[in-house]
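Note that chain A is present in both complexes that follow, paired respectively with chain B and with chain C.
Then we have the complex of A and B:
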């Protein structure tokens, strides 16, 4: 089980990697989305906001997110540290993503661009 | 916490029914009518609809338990094991691509040929598939309200045709309860199931609705509407045109429409067929390309299929591959005219998947007894068991009378089994060798 701090750190790494990638920022300049990350086994909620191509991170949740990423703390930390691809936990049901299919694929693409296959 | 953009029940119903409505369903409807006596096709169609209710109930329980776009891949993985889930999912996608797209393109080619007899039908098929491919690569989604308009427009058109035909023919049921031999009725019901193929493809929308229950409600309503629509339309067709004449053409709906309303009727029906085929091609390419993308991301298919267009964020390699496969299948079918084998093959594959879904419900009740279920099939194991028995029996009945379908199914199954046991471990091993050490520990 990962801690809330570990999830926060993994998201910070994810955010920094993203914001250093100019190509990603250009690609997502029109993709303004609010993504809530929720752990199922510990009290941990974060909000990633993509606004004009730039990602920011806040603790806590928001009223109406575009996407909600739900999993156990260990899987969330692994995904955002890039230790695993989101696809395997998604296909085995460990990871749930609520939102539109296009947005889910875009999020996966961002992960692919940051961490590779 | 609520998502910003969610789908309504109306759109869920339209999507479920829209995925099911296709030009090839008219051919299947005539096949159903041919297996039974007189105007009793409605018995087989409504029975097919009732059986699909059983499967829909099982899908609803699984979808509530595991609401994910991964669908049967996830259900079977949890209920049996990953190997079974992969083999069945690959087989299902393979048969659906070949079966539905092949049969659909052939039927649509005949429809278009009747409207524009001077142009090669194959040209129109390639053109339509190319259009759908471009739309998919550019990521232009059929918006929810457009899907509503197309689906409800198709249903209203079919009901209108049926009512006009009944009126013109001064129709009365002559022998509504004497369908003939038991074997004929069983085959008719099995093919009747094909009329509803695709209703369950709405389950991947589980992540886009506010309440998972809307998916099960949507599936049930769609099956109910389609049962009545198909039953009325099929009985109307056989009331106006002799069954032998309908069975002799790949576009029976055109013959029927022309008999009822002349050339304007034929033009109207051509538009209906075009709309039905367009949504079928589109849904097929979206679903299968996303499946290929997800499979490539978990190293089940070669990594090339996970390539996304950096501009449109769509899996362009998977989409183009599907275009090539679909055009090849359409070409082979236009030369061999074996489209009915594909219809029966798709019906068998659907029946097998429905039987496995029933089995999954039983297995998961034992493996995950305490997991919350927003929808639980009533009467214990009765409905899942009935689903297993009925659909296994229907699949066997079709395969017994169509050895070609059995042969193709066995070959496709062996191909998928060998692929899962040899190519998948190789791809996973190759990926494992390339994988970097954990960043979590090194960062």
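Then we have the complex of A and C:
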């Protein structure tokens, strides 16, 4: 089990990696989305906001997210640290993502562009 | 008579059956769509296994070739593995050879393709051979995979960047459910109006639009200005669709039988039935040699005058 602090740190790593990637910022310049990240086994909520291609991070949730990423704390920390890809936990049901199919694929793509080989 | 059947995740509205003669052998070639029903496709494949000479898998890619690397879609492999006796192919082997040759042939023998022309490939990772051939002949490329599959206004302009992105994302994306990446079943009969509007400029600015017909169709705006469309798997209805949208010329890479340009999977299956040797022993050179004997030529249709 990961702690809330570990999830926060993993999301900060993800945010920083993303924001240092100029190509990703161009790719997502008109993809304004609010993504809530929720752990199932501990009290932990975060909000990632993509606005004009730039990602920001806040603790807590928001009312109407475009995407909600739900999993156990360990899986969330692993995904955002880049230790595992989201594909397998998504396919085996460990990771649930609520939202439009296009947005789910986009989030997966962003993660792979950051952490992929 | 040799029997070749294509089982497709696409719409059953496109089902058809024809009889043709290839190198002296009679063939019955049929296509069975399952409207996106994966389980139905699995059952059909199991029923046909051992009863026909070759099977093509349509509406889904199994293998994607990016230079020397091969990526396999998990859903495609599940379908392929359901067949144990009959040779089964997805068209990727043929696409990688035939479509390179078609680009070369159009460049050398017609005025339809010239260096510097603007070419939009709505998707290119599923036909890397064609993508590379256009680039090598000096076309101004827009590889639209990210635009149309991901909705990102990001045209990839070089084969090198395409290959680099593929290396990062394909090893994982091929594990995703295929229908999340490609329109199957009824989706093939409709257009994605939001993307049609958002990305129309990529179509208007191109001289040539190439690639998978279902994707070309799904995002094509009205008011095209005579562009050349290079694709396959078109029906008479599709020809009318292109004419209404304002396309100028339709070039199909696979031969046309009874008004239908068949999918690469069907033609590859027929070629495998002709070669009658184990799939793992068939090389790109074998396909090229047989293509030469079959004398398959691109089919060119002027959509303005309806003349061939």
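Note that in this section the second predicted complex is superposed on the first by the 116 of 117 C-alpha atoms of A that agree within 3 Å, B and C clash if a C-alpha of one lies under 4 Å from a C-alpha of the other, contacts with A are read in each partner's own complex, and residues count from 1 in each chain.
One rule holds in what follows: a residue touches a chain if its C-beta (ideal position, glycine included) is under 8 Å from a C-beta of that chain, and two chains touch if they have at least 3 such contacts.
It should be emphasised that the depicted structure is a prediction, and the values quoted were computed from it without experimental measurement.
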First, second, both or neither for A:78, with chain B first and chain C second: first
Chain touching more of chain A, residue-wise (chain B, chain C): B
Which of chain B and chain C A:108 touches, first, second, both or neither: both
Partner chain in contact with A:64 - chain B first, chain C second, else both or neither: first
Which of chain B and chain C A:98 touches, first, second, both or neither: first
Touched partner set for A:88, first chain B, second chain C, both or neither: both
Which of chain B and chain C A:29 touches, first, second, both or neither: second
Common interface positions of chain A, toward chain B and toward chain C: 27, 85, 87-88, 90-91, 101-102, 104-106, 108-109, 112, 116-117
Residue ranges of chain A touching chain B (in the complex, touch as defined): 10, 13, 23, 27, 34, 36, 61-68, 77-78, 81-83, 85, 87-88, 90-93, 96-102, 104-106, 108-109, 112, 115-117
Chain C - residues contacting chain A, complex: 146, 149-154, 165, 167-169, 171-173, 175-177, 180-181
Chain B - residues contacting chain A, complex: 1-5, 66-70, 73-74, 77-78, 82, 139, 141, 204, 207-208, 290, 293-294, 297-298, 303, 306, 308, 310, 313-315, 431, 434, 436, 438-440, 443
Chain A residues within the chain C interface of the complex: 26-31, 85, 87-88, 90-91, 101-102, 104-106, 108-109, 112-113, 116-117
